[in-house]
Amino acid sequence: MTDPRVLTVRPTPDSYAWTFGGAAPIARITPGTVLDVFTEDCFAGRVTSEKTLVSEVCEFPFLNPQTGPFFVEGAEVGDTLAVHFVSVEPARDWAASTTVPLFGALTSTHTTATLQPPLPETVWIWQLDRERRTCLFSARDNGIQLELPMDPMHGTVGVAPANLEVRSALVPDAHGGNLDTPEMRAGVTCYLGVNVEGALFSLGDGHARQGEGETCGVAVECAMNTVVIVELLKGVATPWPRLESDTHIISTGSARPLEDAFRIAQHDLVQWLVRDYGFSAMDAYQYLSQAVESPLANVCDTNYTAVAKVRKSWLPSASPHSGLHAQLRERATALR
Amino acid sequence: MTDPRVLTVRPTPDSYAWTFGGAAPIARITPGTVLDVFTEDCFAGRVTSEKTLVSEVCEFPFLNPQTGPFFVEGAEVGDTLAVHFVSVEPARDWAASTTVPLFGALTSTHTTATLQPPLPETVWIWQLDRERRTCLFSARDNGIQLELPMDPMHGTVGVAPANLEVRSALVPDAHGGNLDTPEMRAGVTCYLGVNVEGALFSLGDGHARQGEGETCGVAVECAMNTVVIVELLKGVATPWPRLESDTHIISTGSARPLEDAFRIAQHDLVQWLVRDYGFSAMDAYQYLSQAVESPLANVCDTNYTAVAKVRKSWLPSASPHSGLHAQLRERATALR
Amino acid sequence: MTDPRVLTVRPTPDSYAWTFGGAAPIARITPGTVLDVFTEDCFAGRVTSEKTLVSEVCEFPFLNPQTGPFFVEGAEVGDTLAVHFVSVEPARDWAASTTVPLFGALTSTHTTATLQPPLPETVWIWQLDRERRTCLFSARDNGIQLELPMDPMHGTVGVAPANLEVRSALVPDAHGGNLDTPEMRAGVTCYLGVNVEGALFSLGDGHARQGEGETCGVAVECAMNTVVIVELLKGVATPWPRLESDTHIISTGSARPLEDAFRIAQHDLVQWLVRDYGFSAMDAYQYLSQAVESPLANVCDTNYTAVAKVRKSWLPSASPHSGLHAQLRERATALR
Amino acid sequence: MTDPRVLTVRPTPDSYAWTFGGAAPIARITPGTVLDVFTEDCFAGRVTSEKTLVSEVCEFPFLNPQTGPFFVEGAEVGDTLAVHFVSVEPARDWAASTTVPLFGALTSTHTTATLQPPLPETVWIWQLDRERRTCLFSARDNGIQLELPMDPMHGTVGVAPANLEVRSALVPDAHGGNLDTPEMRAGVTCYLGVNVEGALFSLGDGHARQGEGETCGVAVECAMNTVVIVELLKGVATPWPRLESDTHIISTGSARPLEDAFRIAQHDLVQWLVRDYGFSAMDAYQYLSQAVESPLANVCDTNYTAVAKVRKSWLPSASPHSGLHAQLRERATALR
């Protein structure tokens, strides 16, 4: 990759961002730039064994380190940033997961506050076989060992939020952020509405794999070597993060309670069919009610994230975003 | 099918049940009985064209007619009823869907009460091609026509509830009922905890297909010819409806807000791994957090329903329910 | 009280109802009847000391015994039953409260399901001084003793539900039931929409007092001697339970999540101002936004209940329900 | 007031802050300082008649202008800021309220997303009689005019948030902010945990009065002349905003869904009784369940806010915060 538009970024430990917005850009890039980046895991690399507890080795707010932000030349409020994932590859042969006291879906939390003591804090180290592309689970309480397919993804991808806000990298919302959806994998293009000049894009929180809903609050967390192409769509608004794969168009919504996350994602997909596929809103509502897939992304973060997706082959032919995804796909192939 | 244990039921219009619990059984059956039944659509067959509005031709509570209930000999509180779906076949070559005023996920409702007027009430008639197994959508507002694969299922499957209650056939809860999950298709075994003597099983609400979440509140509704085998597991409790397919074990939870439905389903799947697969609760929590699929069932009914499922091939080898699903699968094959 | 229209009811232990709907009436009464009834506490009188744990002495569904139901002659679907509370007096000089495993607002529950163990099950016996009208709290873990004013109320007041349903006496919903609002005290008239012929009214679950929200799920539970006058408003619909005191009109909503209970109650109060006080809906929305009191009733039951109330002295002069509350108030005074 | 520690602040239009955190302090003050400030209304003073619609004259994020922030000398993470409200007086003889499209409790919103059109945008101008201390409502759709008591309060009081975040002044959370509780009136002390050096306290969003829940999303909004005393409690943590009046101690919780706001507030009040009044957690849980008042604050903002309060006269004698409230009360009296 000697393309002059390839920018390779290997952050030093003190150069990560911990927020969306509020952090100085580490580089200015032009649309079309290929970013070849390393991202540290959500624990900033500090959970390295079953004995290194998050509550002892990590400190709020220094979780979910972000590689970036990148200032995208020409990006203005009302535009859309397109981030195409060329490759997402685990940078180590192990990954960590854990329970975190008062965090997760099957425990009381600081907001779903109860008088019960927290669950035990337990660490699991997963072995990654990057050749066979598997993740090996080893039970803590007995000898069970099981392999799952590797399916690498980024939990956190976003831009600076609107309304002068700065949000923790642990938050998912309209600006993206900690969406924690397994859909954010290689081959996919992510569309993010631009809220501030330069967009201020960053990413982090790699997962070797993750279940839908991220039930215990933590995935198979690992450092990643990731390549993305960053493009800019001028004059196109994107109220909530959208994704496009070869097979699906995908809307996301992040809110509490979870039904509101669902409503946002489904409502956004209706609007997408209206804007790009020629449907009336009522026809889109009916059609999607029969055609949509609705896997959950996370039910543990400060906002919950729901996904609404539909097969492109089930839609009228159209080229959303002037066929940008297909072009990026081709360019990604050429990069390999 | 001349098996003496096959019971064929073709209900007359006045013989449907509209509740779980509270209706007199239409037949007594022994465990192992094959039920070959007709079920009417959720509108009791009254929505037959784009001009027959639910609000004009249907009357509460006469929606979701149930074929049944069936009194299962020997079924007692604390047992589990296993219902294996041999086949689910649309009984007509068309199906109806509609918006219903103040019902659905993308509208205010009687409980999510707002001062806005309801959305328009619109009917869509879908053409079913039972040979090609497709459902044809015709837009109301322009000429869009699109085909979706047929994927027949039952929205409503359940037993009499606990606590002396009688619930409308529109309600999903621990007794099953209007779960509205696309997982309830041919080839699947559904496990339901028995709450009253005889269980009082019934089913209805066939869908030629349905999106995950049933966003507008109504699927591709059609009458069905359905064959199920009803079995009984003595002394096995099932707190929330579970399903088993050839590939997955599947838990469901029904509640509001939606995160509670998610919690119930995920918690139940953790317990399933503890009971039948040798996991500790904490290990199951971790493992499922990375392995689970979490598609939504309905986000429109009086309770919302979430699904949590995991591939059997990703679990230690085990035979939940003494291998009953495999046996029923074989018996179903022999029936064809 | 030798009024021929006074009916005195002292139930035998086996004559309580445990549901709304589904129970045979214990008496037929004409509108205008004064009911002088005894109601047992929510534990059916079985929790009598700090050592009698609910989980050991009570059995589902035999909680919240109802005195009734009463068949009200002439009551038809679409009418409103008016129940005026003449007096609510504790029948014993003690009352019980407790934590119940996996029930209450500050614990995980069967629906807000977590993997944490339940809180300890603890019983508190409150001493009632019926002369001084106080309730004495004695801490279990140290010597703290504190007195609170007695403020007797009924947690459960309702009629048979609509849609052929039968609901546990633990459920609050549009039919009333286990609303658990401290507003249900002597001097108040409660309006309930009639869903079945005869209405099938019952009441129970007396509380010597209760905090707003009933946080731990259980109030200061005691048997009551209660006098109510039952009237009938023909042709007046009441979609959700309403109350009227000398000073306030009061709407209730019961749903999950809690914001939906809030929405229902506020929406209903808007409609009340439109129907009886001459407001447009938008003006009522604005005016109530500045004038309403919104205390919570319960945040622990199967539905949560919110209250919306406004001072009559802050409203245009009007006589909702043809001044029925004032008439019942007078009649109640005459009864003493 | 010639006290050298009185700081008078009359902001110029360009000197307001629009966030908590992220804005440069307008002054440094020492603990004990009396702030005599003017606050503009939530519309930045731009809604001046029934014809000036928010959607036309205001622009996101320039709503809820904050007077401040003030850097409090010596305030460090883990301390508590105490803000005593000496007086809150409307600065004009009128106030404005309005509906805002897709904002409020009885409408769909951007997160409770539906396909229905928004409610009409309507402005009401309230006349304030500052002598008689009344607010006059004039209906828009007919001639209804009604007076309500003036009860001035601040909707927005807060400090910079934790975790490097910057939040819009429209957000209520653990740092305070847009709590919108009528409890925030003259005579009350508000306790806020310090998250950054100097605390960075600000306030705004005066309401001549507000109903509990702020149903339509907007109160009787007016500019205020307000006097507060700012004190510092070293080494005392306050996880969620607390208030203290002469009669009550008051906890708040802000979250979605609303039951989580309730849980936080009730849980915090339990902890308060444990820390300062000698209760065990279980005894506090029981006692508060019978004694607590639970009025809602807002059910419209990005987080909903619930209040949990209990009478001091119902608690064991104690002097929370070393009797600071009583001292501030005395000092406030001397200031008049």
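Order of writing sets the labels: A, B, C and D. Residues in every chain begin at 1.
Everything that follows uses one rule, which is that contacts are C-beta pairs under 8 Å (C-beta built on N, C-alpha and C of every residue); 3 or more make two chains touch, one makes a residue touch a chain.
Remember, it's a predicted structure, so these values are computed and weren't measured experimentally.
After Cα superposition, the angle needed to carry chain C onto chain D is 180 degrees, rounded to a multiple of 5. For the pairs A-D and A-C, the count of C-beta pairs in contact is higher at A-D. Taking each chain's centre as the average of its CA atoms, chain C and chain D sit 33 Å apart. Chain C has its Cα centroid 48 Å from the Cα centroid of chain A. Distance between chain centres (mean CA atoms), chain A to chain D: 35 Å. Contact with two or more other chains is made by residues 106, 112-115, 119, 256-257, 263, 266-267, 270, 282, 285 of chain B. Every residue of chain A that touches chain D in the complex is listed here, in rising order: 18-19, 21-22, 60-61, 110-115, 162-168, 170, 253, 255-257, 260, 263-264, 266-267, 270, 281-282, 285. Residues of chain A that touch chain B in their complex: 97, 99, 105-106, 119-120, 122, 124, 126, 135, 137, 139-142, 144, 146, 148, 209-220, 256-259, 262-263, 266-267, 270, 278-280, 282-283, 285-296, 299, 304, 306, 308, 314-316. Contact residues on chain B toward chain D in their complex (touch as defined above): 106-108, 112-119, 257.
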